[in-house]
Amino acid sequence: MRDLIAPSCVVAGTLLMERVPMFFSRLAFTLVIASSLTLVACASERTPVRKSSTVRVVDDFGDSVEIAPAARIASLSPTTTELLFAIGAGARVVGRTSYDEWPAEARRVPDLGPGIRPNVEAILAAKPDLVVLYAANDNRDAARALRAAGLRTIGLKVDRIADFKRATALLGAVAGDSAGAQAVVDSVQRTLDRVHAATADLHHPRVAWQLWDTPLLVLGSGSYQHELIEIAGAENVYADDTKPNTQTSLEDLIRRDPDVILTDSSRASAIRRSSRWRGVRAVREGHVLAVDDETSSRASVKLGMAAVTLARLLHPEASIR
Amino acid sequence: MTLRRGGRPLLWLGLSVALVALAVAGIAIGTIALSPGAVWAALLGRGDATTITVVRDLRAPRVALAALVGAGLAMSGAALQGILRNPLAEPYLLGVSGGAAVGAVLAVVAGATSAGLVPLAAFAGAVLAVSVAMVVARAVGGRADPRLLLMAGVVVGAFANAAIMIVLANAPADTLRNATWWMMGSVAGAEWSGVRWLALYIAAGGLLLVARARDVDVLSLGEDSAAALGVRVEQSTRAVYLIAALVAAATVSAAGLVGFVGLMVPHLVRAAGVRSHRSLLAGSAIAGAGLVIGADLLARTLLPPAELPLGAVTALLGVPFFLARLRTLA
Amino acid sequence: MIVFESLVVRYPRAKTPAVRGVSLAALAGRVTAVVGPNGSGKSTLVRALLGRVTIESGTISVSGADARTLAPRELARRVAVVPQRETPAFPAPVRDLVALGRHPHAHGLARWTEGDEAAVERAIVEAGVGDLVERSSDELSGGEWQRVRIARALAQEAPALVLDEPTTFLDIAHEMAVFELLHRLARKGTAVLLVSHQLNLVARFADEIVLLHRGAVAAAGSPLDVMRGDVLEQVYEWPLVVTRDPAVGAPSLVPLRGHRGARDTPSH
């Protein structure tokens, strides 16, 4: 209806103006019509379409999605499941992937299958209001299918600490508890700040973080782990590579000459036993440190603890809390 | 085919020189630039600890492993082409590669790291696949008919590929990457402890094949003719088949799947005029070793610091080879 | 010498045996020829000797010993066999191929001796392939290849020689040369057993002929005894007549036209 008001005013005004021959009368009349049209337009904008509060964001697929509180959430990535439970919205999670195993309560949530190329039918069967997918290219088809079925679907990719903050805020809005989410973010940030301050004046060792052995993958600068290293007071020798991880050769690692090698515990013992790795000075000097997989595997609520653990590992002489 | 002392000293000289040159290049070239003097000093144990380790414990075992893998696969291919009387036969056609891959993939999925369990599982898988192929050929045909052996191997290989696809279809990303990388072949993880074992194995297998080389000369004439010349056809065929398959299985368990070597190298050596299988085996061993050392060199220098999979480089080298063969056939 | 005694050979999954109780002896110093229509079991005899088919019953003895008890190498030292067909997978120089005939003597890691070399040379001369020795096997014609294989068998220097259709691709000159060679070898003491389709040449050169029909011996004896029109016509199932060739004095078989009333074109 309101779409007809403006043109009707114009038509009415034109008809009326033809009956007012004098210039000033015409001008006055035009002004009155114009202002009333403006008033009508402004008034219509202020009136919301829906009663609830929604916001549009661009998700990590690059799609514009509406964010509204949801009572039933299918969370198809370990990070988002962990975050939802951390902000107290665990009860809303009606589906998870096979790999979402933290916290323990999450295991009671129905397993909907894999997070990459998920089973769309299984997701639909769980009747969620909202589906949160890992924003990999492999999942674009699934996102399309879910949206075509009328389900609100968001793709999230949490690679860096800033992503963690954004994802937590978004999930907080979805859970209807933005304040709680903000509290979680603030708590993590406080810990990170504390660690950063504690290590700022210490000597910063040069570090290479081995993520995989065959092929040899090391940490680049494109992920939260790199940020954790910097917060924990160290320098990543592969910082020049902006990818999250990069394939390299043992000789290249030797050439960059790190002071410390970080890796997980089983690989750490393999490195210490290996004759090839003795070409790395850090190995010969005994600086191979094992980083516990649990604390460092995701950019999530354990980021703070991960930073503390790393800092203690890298600066054993300092006492970091 | 000659049983007499052969000629062609130039060919042997050329092959040997090429092998030595490639081995030297393999040890001298790498991501860390080293002067020839530094390389020599490091080989003798002089210089700084890093350089010594790089030369002696990183590059040298790698070159040695590449040589062993190349020699083993080439000898295996030469012997198989002889007894199967088929110039397109190669070790991977027997189900060896498929079986080894299944073993390795299962080990990876079960959570094993590459160091110890995966090679053993790969070897067990290869042996199982070859045994199944032989049993199938025997059950279907009643004799160790070469064509049946070949087809049974292809069938086993096809089954193995299907099994691998099923296992990997729902595997987590890490497992998938590890399994795929293994299947593409690499000598990056070479260490002297493993290389020593493989050397013993390849040497033993090679000697056994050379001892039977004259039988293979005769077998390549045909079964009736071979029987007429006094060869135990079934026994000999089976024995050579098994030895060749086990040698190939050992290379696969040490370095993953490095294709085309077993097919290309015997062809190239034969094209140079070598006929008797004794010379063919020796020549293939030398040429195969050189080829894989060269391929590994390319794999680590084409896109530094990343390494290409070794199997990809040998496959790439196979393309011009096959084109050239097509031209000679036409 | 080679003696087949009541040999019965059946191929797997066959209803009737390919060889039904055949007995024949190829004695030293004689040319014994086995003839018969296609499928009469001639080649099966040769394959049974080589151990390539299983013997259901009966025995084959070579120089007095049961062929089945002899090691393949020992058997190859006593009898040299030239099988009907052979297509090698890879080309090789002719001299090397003839040299393979020494395999039963110089095997495994044994060294190649001057005796071996001499035997190869003799075989090359005897078989008349001296002009082919430097050629590669993939360049030879069918006939040349056949002669090379005969040379290889001669290099084995075995007291018995068995040939399965050795003259299939040979022209008149080479065919006659082979038959004369076999005759010479027999005169020197070799036991020659020959499977052939060439009835007329067999009639001239063989000392004994064994005629097979559907796996059994239909007739055996000297050429004059076996080459009789009624017997041959029944076995070969084709109208024919056996005359006496005036030029060489041997029985000569002339096949007639199949259609009644058909006539041959006059020769001039």
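Worth a mention:
Going in written order, the chains are labelled A, B and C, and every chain counts its residues from 1.
The criterion applied here is as follows: contacts are C-beta pairs under 8 Å (C-beta built on N, C-alpha and C of every residue); 3 or more make two chains touch, one makes a residue touch a chain.
The structure presented is a predicted model; accordingly, all values stated were derived computationally and were not measured.
Relative to the centroid of all protein Cα atoms, the closest per-chain Cα centroid is that of B.
Taking the mean of C-alpha positions as each chain's centre, the chain lying farthest from the centre of chain A is C.
Between the Cα centres of chain B and chain C there is a gap of 44 Å. In this assembly, the C-alpha centroid of chain A lies 86 Å from the C-alpha centroid of chain C. Inter-chain spacing, taken between the CA centroids of chain A and chain B, is 47 Å. Residues of chain A that touch chain B in their complex: 99, 114, 116, 212-216, 246-252, 254-255, 266-267, 270, 274-276, 278-281, 284.
Interface residues of chain C facing chain B in the complex, by the touch rule stated above, are 12, 47, 50-52, 72-77, 80-90, 92-93, 95-97, 99-104, 106-109, 112, 116-117, 149, 153, 156.
Put simply, chain B touches chain C in their complex at residues 1-5, 81-82, 85-87, 142, 211, 214-215, 217-218, 220-225, 227-233, 270, 275-276. By the touch criterion given at the top, residues 30-32, 49-50, 53-54, 57-58, 61, 113-115, 170, 172-174, 177-178, 181-182, 186, 188-193, 300, 304-307 of chain B touch chain A in their complex.
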